[in-house]
Amino acid sequence: MEMHPAKRVEIVIEAAMASRLTDAIFEAGVTGYTVLPVLGGAGRSGRWTREGQVSRAAGMVVVICLVREERVDTLLEAAFKVVERHIGVVSVNDCGVMRAERF
Amino acid sequence: MLDLAAANLLSPIILSFALGLAAAFLRSDLSIPEAVAKGMSIYLLFAIGFKGGAGVAEHGVDLRLIGALVAGLVLSAGLPFIAYALLRALSKIDSLNAAAVAAHYGSISIVTFVAATSLIDTRGIDSEGYMVAVAAIMEAPAIVAALWLVSRTGQTSNTDAGLWREILVNGSIVLLVGSFIIGAVTGKDGLEQISSFIVAPFQGVLCLFLLDMGLVAGRGLRESRGVLGGGAVAFGLLMPPIGATCGLAAALLLGLSTGGTVLLMALAASASYIAVPAAMRVALPEANPSIYLTLSLGVTFPFNLTIGIPLYATVAQAVNGGG
Amino acid sequence: MLDLAAANLLSPIILSFALGLAAAFLRSDLSIPEAVAKGMSIYLLFAIGFKGGAGVAEHGVDLRLIGALVAGLVLSAGLPFIAYALLRALSKIDSLNAAAVAAHYGSISIVTFVAATSLIDTRGIDSEGYMVAVAAIMEAPAIVAALWLVSRTGQTSNTDAGLWREILVNGSIVLLVGSFIIGAVTGKDGLEQISSFIVAPFQGVLCLFLLDMGLVAGRGLRESRGVLGGGAVAFGLLMPPIGATCGLAAALLLGLSTGGTVLLMALAASASYIAVPAAMRVALPEANPSIYLTLSLGVTFPFNLTIGIPLYATVAQAVNGGG
Amino acid sequence: MLDLAAANLLSPIILSFALGLAAAFLRSDLSIPEAVAKGMSIYLLFAIGFKGGAGVAEHGVDLRLIGALVAGLVLSAGLPFIAYALLRALSKIDSLNAAAVAAHYGSISIVTFVAATSLIDTRGIDSEGYMVAVAAIMEAPAIVAALWLVSRTGQTSNTDAGLWREILVNGSIVLLVGSFIIGAVTGKDGLEQISSFIVAPFQGVLCLFLLDMGLVAGRGLRESRGVLGGGAVAFGLLMPPIGATCGLAAALLLGLSTGGTVLLMALAASASYIAVPAAMRVALPEANPSIYLTLSLGVTFPFNLTIGIPLYATVAQAVNGGG
Amino acid sequence: MEMHPAKRVEIVIEAAMASRLTDAIFEAGVTGYTVLPVLGGAGRSGRWTREGQVSRAAGMVVVICLVREERVDTLLEAAFKVVERHIGVVSVNDCGVMRAERF
Amino acid sequence: MEMHPAKRVEIVIEAAMASRLTDAIFEAGVTGYTVLPVLGGAGRSGRWTREGQVSRAAGMVVVICLVREERVDTLLEAAFKVVERHIGVVSVNDCGVMRAERF
């Protein structure tokens, strides 16, 4: 199976900011993303859990984005503008993807 | 009066909230799934909006409706200034966080409103159905006021067009107003069709919802021990009666019924813990959610639920010369 | 008649759907958690199946039951051919997508069925309890018909043994048939035991469920603007009355009651939006879900809900000389 | 008697469980979302606790309450020894897994308790409201007993302070005891306020919950075919009557009412499938969950539901000379 | 802590196809997998979200599979047969695993 | 965008053990983690799914932890102590993170 080199960007971001992030990365030319729910977590701003919460204020989501290497910088810059003033983390790793024409 | 207070404190609703608090403090793993909590809040909004609308359909609307809406708007936009000044005077919380807190106290908590409705129902006091619309109109103006306060202190907030749309058409406002309209349009017939869904089990669902709020409030209090100083806590206990007093003044000016007076007092006294926190995360990300959530959900909400609402009801009854 | 139409349009059920649509178009963040939506659909299936079964227990079964099941099977397997031909004639949609759409229109939407039940209840019209079983039998044959259409045009579908099992024992069929049997076995006694769960709050749950469907349909329409041309939309509005006419013919042939006639018309007129889309994703992955979901959920469902069902009821009453 | 047995087997509750089992064996994709299942279990615990408390408020407490609590504690701590010995005698299951199973059979299944309540309600038999408290007290001691058994055989269990807290304040105990207290405090008035939530729809919710349990049990049985030998299955069918006999003895000693006797028998006969499995995963991670879950949920629960409870009720009525 | 080299395969696939995928990778000799829920996403076939959905038609899941390097090709081929005609993405990256005897 | 080298640790663990794991990694000096829900999975102990489950006994979660390279060993040792006797898997891969001061 031939795999094509790509980058996997994983962003943990507040649910209230998620649509702003996906809008921004779309504008940065990214062709797709996947949003995962988060049960809870901890960081500099303390521990939290989603249980019993009604408000979007207290939740986070994970946005996963597979991109060609040459696009990762544009993506990260766009993402950074959104997360900059917010809590959350961004990580990137190398990966291989099938069906490279999709990215 | 003491009897009434005890009756309120020992109602299933309040005890369910207390149970949630207790479970959180005992570090029990009791928890209500997020989806179920959201489902219950949708149910409560739909039911309260519908019943308000059906009430309007039955009793008709008078000009006071417009007056009440204007009063709500003014209260929501005005109270943040009082809250801001009071919080700054009582505590060392900085201006940004104080503004964020102020937004919550101008806005409203719909569960406090529901609890007040339930109390006046128990005491057999009638109220204007359109108070639901007043509740809806009070959600957003406080946010504008608070952001203006922030800009005045030279700080920036992240406000884009999206934010205003999110605030104005946020789920709870749309559901409350929408079901109010449905209730008003379908009237008594509509209410009859679905009353065994929205009226009969209402108190019970409210119990479970308050159980959940107790759990969330209790866990929040446990996580954020030490975040609030004595001054901030004092603010959380003083601001509700101040808000209620403003609400009372407005209600007297408008000539609302005793029930309507209680509800406007409760709205003015209450602090948002759903819509405003979400807006603050977007607009003022540097403000600390522990401060405003703990104050609103951990201090002011329990105060209103246990002491505030019965107090407002007693005052309103005294002032209106009612039962 | 106009009165009845207005009464239907202004019922809590329809207005709740409209509220959902409106919220979606306003881009409100109002949403019902997936788990709650699924929970409500399970409730509705269980309740409608049980009530149907209890009806059969009370009124007994006659030979018409078998006739009605056969009619359902024939309608479900036959309508896809009409739908396919009509869609190809009216639009430029290719044969694969047309076949996928056809599968939806041969199959049924259980909420449309529930809404029809609720309308005839309101009008005080009785119906055969076993129509629930007819609904269940109509879910699957349309898929077979559509896949046959696909193979005839020389294209391949992904059909494995697993797919047929999934279609035949899919959750809604099993729950509908299962609760129908439970209702039939436990009869009036059983219904009494749980009627304050499955009868009393039914209309209210249906409101919230339609609110959710409005939200989903509205968001779907917004996302897939431009996917459907005028011809396809015309298909979505013409096919239901055509299906209903076939259903009417079958009902007359069988001598069903007025209520049963309305229900069979509604079943034939309705388009699946749960079971068939899932099957199409497996069997015809290249078919575009935006086309079939938008047609079924965004065009045909609202048409049936607002205009279709009352129309079918009026026609059935006229034909049967009833009320 | 046969009539009663048939009436029980053909009740909506049991048939719903059977439907779940059937759907699982047919490999249908029917499933109830986790959040909804949890929501229903919270509802059932809250309702049963509240009603028990309200019963105590109405009928008063006598010294027997303390006796019943002690009996519950002794049964819960003692039955694991019988279960352990019996399982080791009947099967080749090793001592670690046998101890884990034993913990389940000393502890209780609240749904079995609820089903027993519902059966005696149907037969018009009264019971002591405080049996709910007895149910709560029986959850944990069995775990201690089983861990002692493990340590005696020289094996180690992972018990930290956290585990004991988790066991003692686990969600179901806190909710059961909490709502029991709320019911006892608010009494008849409180019950009236929320009875259309916790009484009227109770049976219906129980049906859907048992549907879910049938699904989970059926899938578990399918996944773990071959895990249990004939001896283990025999244990799962023999242990409930043995437990029930111990419960009967305790009830006679205490002079409980016929209803209370049935409930204590059902508690002793039942095996935990929520709290204890979670504790075992932490304390005895090497024990195989397939064994204890399949026995408890797949063998003993269905046995109690279909045959056990009606049998215990008949025996209790005979012994107490009642109806 | 000694870590053993392995591959982490992440497949975003339609919920309706998930059991076919896991059956296929089992047959390919994989010893385990983990399925995560997905809230929403976007790709060539547009944006979607799970909110309020009842049907399995409109949802996706993420299947994560840790495998020894020598098995990854068999796995990818098996996976590809399932996803080929479907929407979704497949990515692979290097990783280290504890308790290698499990894979 | 400057990225700083880090490690991404992903632990699939029984829900009943999750709080013990996060307590342990906190003690190991980790500054944050994110917990994701899991729908189902398979491994040496068989297949399972969360659907319709009420008990915490039968569920798993994924704990994701981004750490500086120098801390990963302490983290893994702490994690291992918790998962050792339990089912579940641990994997680690290299990644880059934004805002390194946070880790």
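Residue numbering begins at 1 within each chain, and the chains themselves are lettered A, B, C, D, E and F in the order written.
Keep this in mind: a contact is a pair of C-beta atoms (placed from the backbone, for glycine too) under 8 Å apart; a residue touches a chain by one contact, two chains touch by 3 or more.
Please read all numbers here as calculations on a predicted model, not as lab measurements.
Separation of subunit C from subunit E in touch steps, taking the shortest path, is 1. Counting the residue numbers that touch the partner chain, subunit A and subunit E have less than half of them in common. In this assembly, the C-alpha centroid of subunit D lies 39 Å from the C-alpha centroid of subunit E. Subunit B and subunit E have CA centres that are 45 Å apart. Contacts with at least two other chains are made by residues 29, 31-36, 38-39, 196, 200-201 of subunit D.
Contacts with at least two other chains are made by residues 36-37, 56, 93-94 of subunit F.
Those chain pairs judged to touch are A-B, A-E, A-F, B-C, B-D, C-D, C-E, D-F, E-F. Contact residues on subunit B toward subunit A in their complex (touch as defined above): 31-34, 37-38, 41, 158, 160, 162, 212, 215-216, 219, 223-224, 273-275, 277-278, 280-282, 285-286, 288-290, 293.
Every residue of subunit D that touches subunit C in the complex is listed here, in rising order: 10-12, 15-16, 19, 22-23, 26-36, 39, 196, 200-205, 207-208, 211. Against subunit E, in their complex, subunit A makes its touches with residues 1, 3, 6, 8, 22, 26, 31-37, 61, 66, 93-99, 102.
Touching subunit B in their complex are the following residues of subunit A: 14, 16-17, 19-20, 45-58, 85-87.
Of all residues in subunit B, those touching subunit C in their complex are 33-36, 38-39, 42-43, 46, 50, 165-166, 169-171, 174-175, 178-179, 181-182, 185-186, 190, 193-194, 196-198, 200-201.
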